[in-house]
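Common to both upcoming complexes is subunit A, partnered first by subunit B, then by subunit C.
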Partner chain A sequence: MTTAPVPALRRRPILADNPSVLWALLVLAIVTLGVTVLAEGAGAGVISTSFVKTLGKTLCLCLAAVAMDVVWGYCGILSLGHMAFFGIGGYAVGQWLMTARTYDIVAQSLAGQPLPPTPRELDQAVATQIFGVVGSDHFPWIWAFSHSLPLQLLMVVLVPGLLAGVFGWLAFRSRVTGVYLSILTQGMTLALSLWLFQNDSGLRGNNGLSGLQNIPGLEGWGQDRISIAFFWASALALGLGYLLFAWLTSGRRGSVIRAIRDDEARVRFLGYGVEGTKLLVFTLTAVVAAIAGALYYPQAGIINPGEVAPLASIYLAVWVAIGGRGRLYGAALGAALVSLMSSWFTGGGVPDIPLGIYTVQWTDWWTVLLGLAFVAVTLLAPKGLGGLFDLMPRAPSRRQGDWGPDDGAWRNEEGEP
Partner chain B sequence: MRIVLALIAALWASMASAQTLQDLLQADPEAISDPSRRTVGEVLDRLVASGLPEVPTFLERWQAKEVVQRQSDGLFFYGTKEGGGHVLFDVSSGEEVGHSGPREVDELRPNAGVRGVIGSALIQFQLSDPDIARRQAALDAIAKDPAPEQLEPLRASLEGEDDPGVLARKERLENLLAARFEADPEARIAAIEALGSDITVEARAVLNQILSSEPRAADAIPAEANVAWKLTPGSDELPREAAYVMLVEAGLAPPRVTENAIRDALVAALAGGKVGDAPVATLGSDEARHAAYDAIAPARGLPPRISEEEVDAALGSHAFWQDYAEKDAAITGAAERALASAVTRVSLYQAADIALDAISLASIYFLAAIGLAITFGVMGVINMAHGEFIMMGAYTGYVVQTLVPDYTLSLILALPLAFAVTFAAGVAMERLVIRHLAHRPLETLLATFGISIALQQIAKNIFGTQARPLTSPSWLDGAWIVNDVLGIAYIRIAIFVLALLFLGLLLFILNRTRLGLEVRAVTQNPGMAASMGIDPDRIAMLTFGLGSGIAGIAGVAIGLYAKVTSEMGSDYIVQSFMTVVVGGVGNVWGTLAGASLIGILQKGIEWFNPSNTLAAQTYMILFIIAFIQFRPRGIVAMKGRAAGA
Partner chain C sequence: MTTLLEVDSISVSFDGFKAINNLSLTIPETGLRAIIGPNGAGKTTFMDIVTGKTRPDSGRVLWGQGGMDLVGMSESRIARLGLGRKFQRPTVFEAQTVAENLDMALRNARNPLAVLLARRTDGDRARIAALAEEIGLLHHLGRRAGELSHGQKQWLEIGMLLAQDPRLMLVDEPAAGMTVAEREHTTDLLRRAARTRAVVVVEHDMEFVRRLECRVTVLHEGRVLAEGSLDHVTGNQDVIDVYLGR
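Let's look at the complex of A and B:
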């Protein structure tokens, strides 16, 4: 039997390999510029500051959803804990925001006194201000770095990275997979949120961190300009994150990641390091989710343990599933669409439907609609909204050479990206 | 008996001298009509000593403000209001003796303090009262507010007591009072030692009262002091600052100048932007402030600062100890031994109590998780809406209860009805959703989650957000109480029995019926089972229905002791998942082991850290994550080929 010579596979630039990345970045750029021009802070004033914030928050959620898509849609790990990492990022940056701002306020109020305040007096006044609500008057150990922005930003990356790394290492090395792994990540999220709910966790328990929308050092700016700045930062983060994950999931590494999703044992037998790859994906996505959270909460203004609860992480999975797993733009689309629609429906933006004896109020029925829509998407359209793009006419495949040696395989179907 | 004889003797004596109660009262009418807390004791003693049988009645009615004094002759009567005046009754015979017009009599209104003294004088009569309820009331009064003078009457009343329950209670109280107030040290120590076997809260309170102590400081421990234990300054028990404050309060050391005092002194000395020679702007640190204070202190007559070294020296040259209020070391020693023995007993009973709690929690988790485990075993599917089936069962119980007012009947109706409702819901969900997602377990998980949030919101829309009660029948109210420490509510016993029942039922179905055989076959190898003529779809549908039905029953059981809300399912779902993960899937014994482990663990952690249930749950989840490391497939893992599926 003779085999035709297989042309050498040449690695092509990822953008050429994934034209969707360019399109997605273009759409993002257009949206960003459009919002900026229309916003109160910078231009026409058609879009209110609060809506700019909503859009900025949505971009952060999109980034988290893209990360979720990589870990679930590409690597097959249904993590029910990525919103916990998102929350950790928010808490980390919130610690600095709250400390720095309270220092400013306290320093101002102490300036009227006859003697200049000593550092000890200042610390104590700040601690009383922040922790009085949980009956404490000193900084817990967990706030050790809260006076320094760079250190705290380092925490945004380090804490979720370490947590995800250790958790992932423990879970993957004992070959916990599938549903077991999902439940375990949910357990981790629940443990974290229960711990945060305690007053003696040092993070103000049930009260969470508040006043995060006031950025120390930018007092002169006004919320309209700050909102635009954060919107830009969120858009930039989403763009960079998108590129990072497009790169991660392209080429041979991307193939290994997808293969792990489809048949982990087979990849292991082929000699690839399954555990290392999974750990890399899990940790990296956790860190990106944390960065998204660090950008989200200064726009939201408040963070409390409820945001870290298991339900939030499941919703993240819902967004990705509705948007379409296994394609990055699908996840971003799903997150944007569902979270915006959610705030539109629950915010009373949709008129009620009178049915004679009963009036459907969307504030009550939106969750029902979402839940059923979610079931419908899972059942009827497993590709999600992103699947709509497959209906568009596309250029013939530029794949070179044969699909593979096995005549009996579904090679055409499996060869599709 | 003795007191009764004495009373009879006194009665004879009084009759012989023909002294009536009225005579006695008239001996010092001021003391009756205008008593004060200090003087009333004397007249009470006199009344009690007279031994007249009508004295207790008089005291009670005096206490109840029912005694009046006629202005014209100063005689005392019992009076009840009628029209503008009073109907008068004789104090001895209680017979009606006439009427009085308005303002002809004064109502006696002893103040609360006096009434209290009268009450304690009454107790000795009530202790021997023929009415058992009044004897018990008197004992309650003693237990609530023990006093030395109650000891003798209580002892005297022991002999005439014929009710065994009241007698036991009297003996216990006598022991408690003796331990605290007995004058003779030997007898007191004996009473204290007897308390060592008593695990009630009151006994321990008495022992703790005897052992009450306070921290003291002196140059050296005086010889007559009864030292509980020595204190070390700088320890957790006695921080350095607190120790120095004790020295200051005892006059053994000069007070420290606080940072606030320094600041105030500096502010007071502020002149022309300077304090002494130091410009104000430089005073932004503790060191600078101290230096400035030291500079101005001598001139302004301010106390010098006490340095840390001086504090250490003062602490080092004095002795600190915890000093017993009770000066007799033999008594405190006996009390310490008795308390240690009581505490040991109490902790043994507490351990038993925790074990009961753990078993009851384990039965709840078992009921909540077993359905989940069966469906997971057969279909490899985690049903996120399982918690909502629990909620549906509980709401079914609530609805039945609103229709059938009799709680027993409604419970009997609710259990099968809840099973039927959730069985139907489970089968419907299996047919409509899960069957179409075969072999895609993660997507099933998410689809069922969608159903879960929809069901939860629908329940919220129908029943509102407030908690609905599911009242248990009265025969399930109350608790089985062994003693003060050990006890368990009947409802929890009922849930335990229910869990046992379902354990037995499931074992029977799985091991002894055709359906069970087929279920086990599908669990182990669906393909092979199908080849053998078993319809896996039918089995999947039935097991899903069965699992959901049990969730409904669990919902009724949980609703009986917790409130029924639309979110109750999500409170149990994560624990149920954990139970399944820890126990291992597809096996009833595995779920039982998982539920027991989680129940015991949660209660055990709560025992070590009783103030904090949240922390207990956190630690438990961390433990489970660690546990999975060692047994990734649960305690009872499937072996062989089935494990890989």
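Let's look at the complex of A and C:
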């Protein structure tokens, strides 16, 4: 049988099939260049260094949200653990930052002594400096690689990857789905944060890691230039992550991932290994979230176990829901908007409202407002903010029906699109 | 003719209710077989057991010449061995286009890595177009499956079943919600498919079964009540008592 080429089956590059990817990358590029030109580091000084850091952190949160959208919006796994992977990424890079910097400081202060310190003495002094707050004077085993940047960067990927892989394998294999799976991921997150809160976890308990904004080797740069460098790195990571996930959610692999979300039992009867695919998506998104965290915390300067707590992961889900599940730009938009508004409201940027007997202080009431926004979006606009783009008038509207009323009239698909 | 599927004295009960009671059945490599029976006879449970959705309490389900036991295998593994299933209620992926639904069902490598790197080849495209023509959805390839009518969804699911190119097709009430002309097309299609593979049809509709002109197995209370041509089983006194006589 010879088949005339069917328009619906035409071979098209991924980007032509999904023009929103190009638009999203274009917007990202414009924002990146705009902020760079206006930043203090470049001389214009319209945007302060601390705000550049806020924007850089926001890009990292956007990347985490895009990963969350893939695992939740596309694959249907409502993970309440992706900010835990984000935090692990931060801890992993923080261990190197703290160790390297403390070595520099201790070496400097010991330099004046008549006898140069032995390496052993140096180690001891550094360990006392870092772990004094939790009553220890030696490096715990978990800091074994902390002297090496490449090894710690490997840990950024390896530790969350392994954790997500093992956890996902156990959970998906037993076919835990839906709300039970969410509870399980939340349990994992809670356990991790409780463990981190302990002083003998080896990660400084509730003190967390601090001073991460000082990048060893870049002392001469100054925070204004460092902030721009991290802003660029965050933008690059977001761009690459966006491309990766746009690829993952396209074609047959994207079809299978979305089919698992909608009816995983049916996918099994088609012969696909549902568990393997879910594990792949869960682990890959966890690793990307960790990379986002590794870029976030050097800009934040401090990480503590509270940031790994389940609440952070719930916020991530709220951002994605408000931005619009099932579309990557929606997730990024939701994360950017809500997290920026959150720092505006809680940072005292919005004036309080005196009501006579009661004053509405936004630092307290912001959470309520966010909660109401979440409920409103869930009930009234399930597509989220991203759904607004569907309202945009589209260039030549596609004909829906046949080209004419006669039997022989061309069908829509036969005509020029 | 060699046996493709041998169901060997399977039993399963749910909360004390024996849905399948010591059922044995053999299906040859090619040909059509109809399974009929009143509600609760165990038709769907039988399909669930064969496709790995339900695990029987006892008995074996042997597949192919090697006599591989399917009991305990995952649904996806069984599907990859060449067992395709069409559900009673049409279950297609409504958020995706007709083309995407067919593309997913095409017989291709199924391991996660192969799926990850898969690209739709020209061969796949030709196959999708041919299937779509067969099921009358060629002009609907770009539409979302959710927009289709009930009958069209039935067709799409039949198309997905054909796309899998299975050795055994299990078809649950294919004619529900179809017009007379569509029913005739369905019978044609099933009969044609049965020339090269085994096709098992579960059906309520006697007229439809008559048109299939095949061997009929009557199930009742989870076991085989009678087997033979339609005329033979409809003449059987037991069958008349429990099913037709009511």
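Note that in this section the second predicted complex is superposed on the first by the 383 of 417 C-alpha atoms of A that agree within 3 Å, B and C clash if a C-alpha of one lies under 4 Å from a C-alpha of the other, contacts with A are read in each partner's own complex, and residues count from 1 in each chain.
The rule we apply is simple: a contact is a pair of C-beta atoms (placed from the backbone, for glycine too) under 8 Å apart; a residue touches a chain by one contact, two chains touch by 3 or more.
Given the structure is predicted, the values throughout are model-derived calculations rather than measurements.
Visitor: After lining up the shared chain so the two structures overlap, which partner does A:184 touch, if you call subunit B first and subunit C second: first, second, both or neither?
Guide: first
Visitor: Between subunit B (first) and subunit C (second), which, if any, makes contact with A:253: first, second, both or neither?
Guide: A:253 contacts subunit C only, not subunit B.
Visitor: Touch test for A:382: subunit B only (first), subunit C only (second), both, or neither?
Guide: Touch partner of A:382: subunit B, not subunit C.
Visitor: Using the touch definition from the top, say if A:138 reaches subunit B (first), subunit C (second), both or neither.
Guide: After superposing on A, A:138 lies clear of both subunit B and subunit C.
Visitor: Once the shared chain is lined up, is A:268 touching subunit B (first), subunit C (second), both, or neither of them?
Guide: The answer is second: A:268 touches subunit C but not subunit B.
Visitor: Mind telling me which of the two, subunit B or subunit C, contacts the most residues of subunit A?
Guide: With both complexes superposed on chain A, more residues of subunit A are touched by B.
Visitor: Touch test for A:280: subunit B only (first), subunit C only (second), both, or neither?
Guide: Second partner only, subunit C.
Visitor: Any idea which subunit A residues touch subunit C in the complex?
Guide: That would be residues 1, 3, 6-9, 11, 248, 251-253, 255-256, 258-259, 262-263, 265-274, 276-277, 279-280, 411-414 of subunit A.
Visitor: Which of the residues in subunit C come into contact with subunit A in the complex?
Guide: Listed in rising order, the residues are 51, 53, 74-76, 79-80, 84-85, 87, 91, 93-100, 103-105, 110-112, 115-116, 118-120, 125-126, 128-130, 132-133, 138-139, 141-142, 160, 164.
Visitor: Which stretch or stretches of subunit B touch subunit A in the complex?
Guide: Touch list, subunit B to subunit A: 259, 263, 266-267, 270, 280-281, 283-286, 289, 376, 380-382, 433, 436-437, 441-443, 445-447, 449-458, 460-461, 570, 574, 577-578, 580-581, 612, 614-615, 617-618, 621-622, 624-626, 628-630, 632.
Visitor: Mind listing the subunit A positions that touch subunit B in their complex?
Guide: So the residues of subunit A in touch with subunit B come to 72, 76, 78, 114-121, 167, 170-171, 174-176, 178-180, 182-184, 186-188, 190-191, 194-195, 197-198, 310-311, 314, 317-318, 321, 364-365, 367-368, 370-375, 378-379, 382.
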